[in-house]
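Listed after this line are the structures, all set down as structure tokens.
In the two complexes that follow, subunit A is the common piece, with subunit B as its partner first and subunit C second.
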Partner chain A sequence: MHTSIPELPMKTMPKPIKKHSEKTLVLLLGLVMLLLLTAVFAPVLALHDPYLVNLPQKLLPMSSEHLLGTDHLGRDIFSRLIYGTRTSLAIILIIQGLIMAVSLCVGILAGYKGGIFDSVLMRITDLFLALPTFILGLFFIGVLGVGLVNVIVTIVLTHWAWYARLVRSIVLQIKSQDYILCAKTLGGSDFSIIKRHILPSVSAQILILATLDFGHMLLHVAGLSFLGLGIQAPTAEWGVMINDSLPYIYTDPWLMIIPGFCIFIVVAVFNSLGEILRDTVQKDFYPNDVNEFSEQQH
Partner chain B sequence: MIRVNNLSIYCGSTKLVDNVSFSVKKGETAVLLGRSGSGKSLTSLALMQLLPKNLHSTGEILYSGQTFSETMRGTVLGMIMQSPADCFDQAFTIGSLFKDIFKTRRKKNDSLFFEKILADVGLENPKDILNSYPFQLSGGMLQRIMIGLCLGLRTEFIIADEPTSDIDCLAEQEILSLLQKTKNQAQSLMIITHNIKTACTAADRILFMHKGRLLDDFPAAEVHSPKRHPILKALLSDNAKICENSWGVKFHD
Partner chain C sequence: MLRYILKRLCHAVLAVFILSFAMFVILRIGPVDPARAYLISSRIPVTEQTLAVTKTELGLDKPIYIQYAAWLKNALQLDFGTSYITKRDVFNDLCRYFPTSLKLAVISMIFLVAVSLPLGIYSAGKKGSLGDKCIRFYSFLGVSIPSFWLGFMLLYAFSLKLRLIPPFGNQGPTSYILPVLTLSFMSLAINIRLTRTAFLEYMERRSLQYLTILGMSKTKIYGKYTLKNAMLPIVTSFGMHFGELLGGAFVVEVLFAFPGVGRFMVSALYSHDFPVLQCFMVMITIIFLGINLITDILYAYLNPRIAYENNA
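Presenting the complex of A and B:
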């Protein structure tokens, strides 16, 4: 008697990985490079002093002299956007660097040592994770006060816990591998095992998360600046520019639209780049037939 | 060299290894023999003080009369693990791993020294091997590299956990003869195995474990003595039936 093998129901198949073309990756990397170069060469690219107040020339439309017009204080918008790129990228990079440093220390200590270290550190992490990020951010700003440094401290304090949790879970996975046990049997110290075997793997995955989170951080910084709780005027920063343009939203909406569009572009670029990196890394953990299934679908 | 007194290992209140006592002298090869799940590997991890965190042990283990310290691993104690393919970090070359191990132990950090280690365990093209990643090498090669590492570290006591389980029975003889090099360096060796033939071939003394208890401890030459524990006798006779060469043929390589 012939019996046919029943087909596997579609819903049990793993979700197919979306394929990203190389052109998309090249485009995104090109845009990131453009942003970085803009930030680095801001003094060269900016046509005017972004902080020079010139009231007789306030609220001018786009022209050959002022490519994007001027704001309510007569400052060149294009120049402030260029310098804003520098400010925003620098702040985000500092924030991400500090978050990674704190979360790596906490996560590795909790995951590797375990025991009382794990219990105490994870309870502290839970405390930070229990509250909504923005509410917690407002609380810290209220306690610390406004300003650039306090914005950095606030965002680090509100975001490190997510990363620490991820680091800890990765460390727990790696720690259970046989090669870690083997390294211990051959006399490897805890420090050398962490430095050589754990840190590289953890850092790679955290970097992907950091890339995915770049846009979110930017929105956070810009959001606090927009509320007047973060970076203060006259600093050339996109959130500050949006905050400054609030009284002119009906008469000169481009004052708000232009920096908002810059934020949109940067967030979209880094989100897309982070997704590609994440999908590329995750592809290694899926069997080949899943990728073939993806090809059939597309 | 190693003396174990009343070692018991618990998982919560469940006793996994019950009151095991034995000693291994300097230069001696002892085989810890037993079926799967008899507690051999747990005993070996207890000797290395590397039991999983959910287990705890009682009893006393003395290393040449001294209690354990972390610095003993890699100097006094060495271990050859069961699955060599999983024992190397795939992200680094063999040479890089050698440098790291010997650097922390303050041994010679010399590529010629590493090549000699690999040559001594019968590996050809040691230079190529040092530049290779673990996933590029076979399980047998990785097993030899592990043995070479332990021999190179010149630890006083080596534990080999199922060193021949992942390889064929002909290559097994080569691995066992490599392990016997420990005698030349006056190192003590403890082989953990469920293979009776390996035990009879390699051991000076056999320690037989069953269900977490040490039932018998005897010189290898006395394996067929009537004084052997009944469970061991049953195991030996079952093994003899399975391995009986009823065709009367011999393998020619």
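Presenting the complex of A and C:
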């Protein structure tokens, strides 16, 4: 009698990529390309110098001359937005490059070597994981001071441990696979095993995570700039533009609405892109915490 | 269970000491010289002579572990030194501002739990319905909107245009509405989604299907068995989000001109007011590790296996 109950899967099977999400994927990649092109060709697209102060022309409304009007110093908002794309994207890319470099080194060393390396490195990551990222970020800003470079260092310092932990758990999982054992038996050196078998697979997954985290970091940088503790004026950056606009928000709300909306769109694009990528790559290959990570870490 | 709680408590206390020491060391070896920061904040010209005097005055010429021991001895008596800028007692100042921020975070936390659980469960139970779709759209939107931007939009709409809520400062209970909404907007989106996933995952278990076959009512299955098991990841997430809410509270306070610790900390951070920073971080660490402890205990209560495994 009991055998007639159909076998139910314990966990949902990985779904093949759905038709409509394929279309969405193309759309999202298109938007990311557009963003990158905007950043690269900023000098061509911007109609005015984003740093040119022109006080008689301050706080102008939208017009054909100034597409989105001008700010409190008479600078063209549209041009500042375009250059802001450049600053924001470049910062996040640098941050993520650094985080990946650090976390891959630490995570692979800890996961692959194990033993004393592992214990020491994991205790160090514990220290960095003990507090929420934003509060830890405030602490490092207090230690290092404000400014562009310090923001980059701060965000790398507050996030690398999360990534290192994940790299380690992925490496531990790969390490127990038969093909690694096989490579070892055939006399492969540690270096070649890491280079040929572990690194490619780990970095592919970390890249997906980085995409998922792109928006979160953009919000982080903008949040610091908003408090005046991040990138400083007059740099054309979205968070700085919002901070600049604070004294004028009741008379000229557009000064804040426009850059905020840009941040929102970019974050939304990267969030959905990361999610599709994550769902497409076999979900059950991840250690569980990768999925939890992306949902809890914000 | 009691043994488990005591063990976690010891860990937490130890962690406070280790973290405070780590922060103490980082503050001293960082690129900013505390003596120089002190002089600049006090508007005393920075010369070699004044630097040397300040170093002796602040005890910075002694080895770092002696400095830490001295600091710890005072800190245990709740004396965290005086601010470089205001020259007032740091602990008193923070005690004046901190409760408002904490209150904001706690109210947001209560709001978060009270709203995300029912919505997440509803969304999982009626998977694919219009309500579920709306909730999922919100949880997508919520993680992408910058909180300070949202806060400003709410402020503009409700306080300036509709004049429903006082725009600035703490003027009674209605002042909390917009900050709480702004603060919990993102955490709410994340937690609704997490609740939904946790419930959906657990609802597919064979044990639950068996209960259905036995004829148990749906309410009892959801309320008693699914809830308790699905709560495990949710409790962890709530614990983590309290920290996020507290951090976010500083941003929101600045926006809504709330008399919390936000503004105070921004100026202290900007001018490297190290005693304030150190005291603030110790307070945050204690609060956060306390929350972690509560989460751990709740977790062990929901899943007694954890306490047993840890004691074995």
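Descriptive notes on the structure:
Heads up, the rule we're going with is that the second predicted complex is superposed on the first by the 263 of 298 C-alpha atoms of A that agree within 3 Å, B and C clash if a C-alpha of one lies under 4 Å from a C-alpha of the other, contacts with A are read in each partner's own complex, and residues count from 1 in each chain.
One rule holds for everything that comes next: contacts are C-beta pairs under 8 Å (C-beta built on N, C-alpha and C of every residue); 3 or more make two chains touch, one makes a residue touch a chain.
Note that the structure is predicted; figures quoted are calculated from it, not measured.
In the superposition on chain A, A:Leu229 contacts subunit C only, with no contact to subunit B. Applying the stated contact rule after C-alpha superposition, one finds that A:Val221 touches neither subunit B nor subunit C.
Annotation for subunit A, partner touching more residues between subunit B and subunit C: C. Contacts of A:Val146 after superposition: subunit C is touched, whereas subunit B is not reached.
By the document's definition of touching, neither partner reaches A:Val167: not subunit B, not subunit C.
Once the two complexes are overlaid on the shared chain, A:Ile249 sits against subunit C while remaining clear of subunit B.
Using the contact criterion defined above for the overlaid structures, shared-chain residue A:Val267 touches subunit C, although it does not reach subunit B. Applying the stated touch rule to the two superposed structures, the subunit B and subunit C interfaces on subunit A have no residue in common. Those residues of subunit B that touch subunit A in the shared complex are 48, 50, 53, 70-71, 73-75, 77-79, 81, 83, 86-89, 91-92, 100-101, 104-105, 146, 149, 153.
Partner subunit A is touched in their complex by these residues of subunit C: 15, 18-19, 22-23, 26-27, 30-32, 140-141, 143-149, 152-153, 156, 160, 186-187, 190, 193-194, 197, 201, 204-206, 209, 213, 233, 236-237, 240, 243-244, 246-248, 250-251, 254, 262, 265-266, 268-270, 272, 274, 277, 281, 284-285, 288-289.
Within the complex, the subunit A residues that touch subunit C are 5, 8-12, 127, 130-135, 138-139, 141-146, 215, 219, 222-223, 226-229, 242, 249-250, 253, 256-257, 260-261, 263-264, 267-268, 271-272, 292, 295-296, 298. Within the complex formed with subunit B, the residues of subunit A that make contact are 114-115, 177-179, 181-189, 192, 196-197, 200-201.
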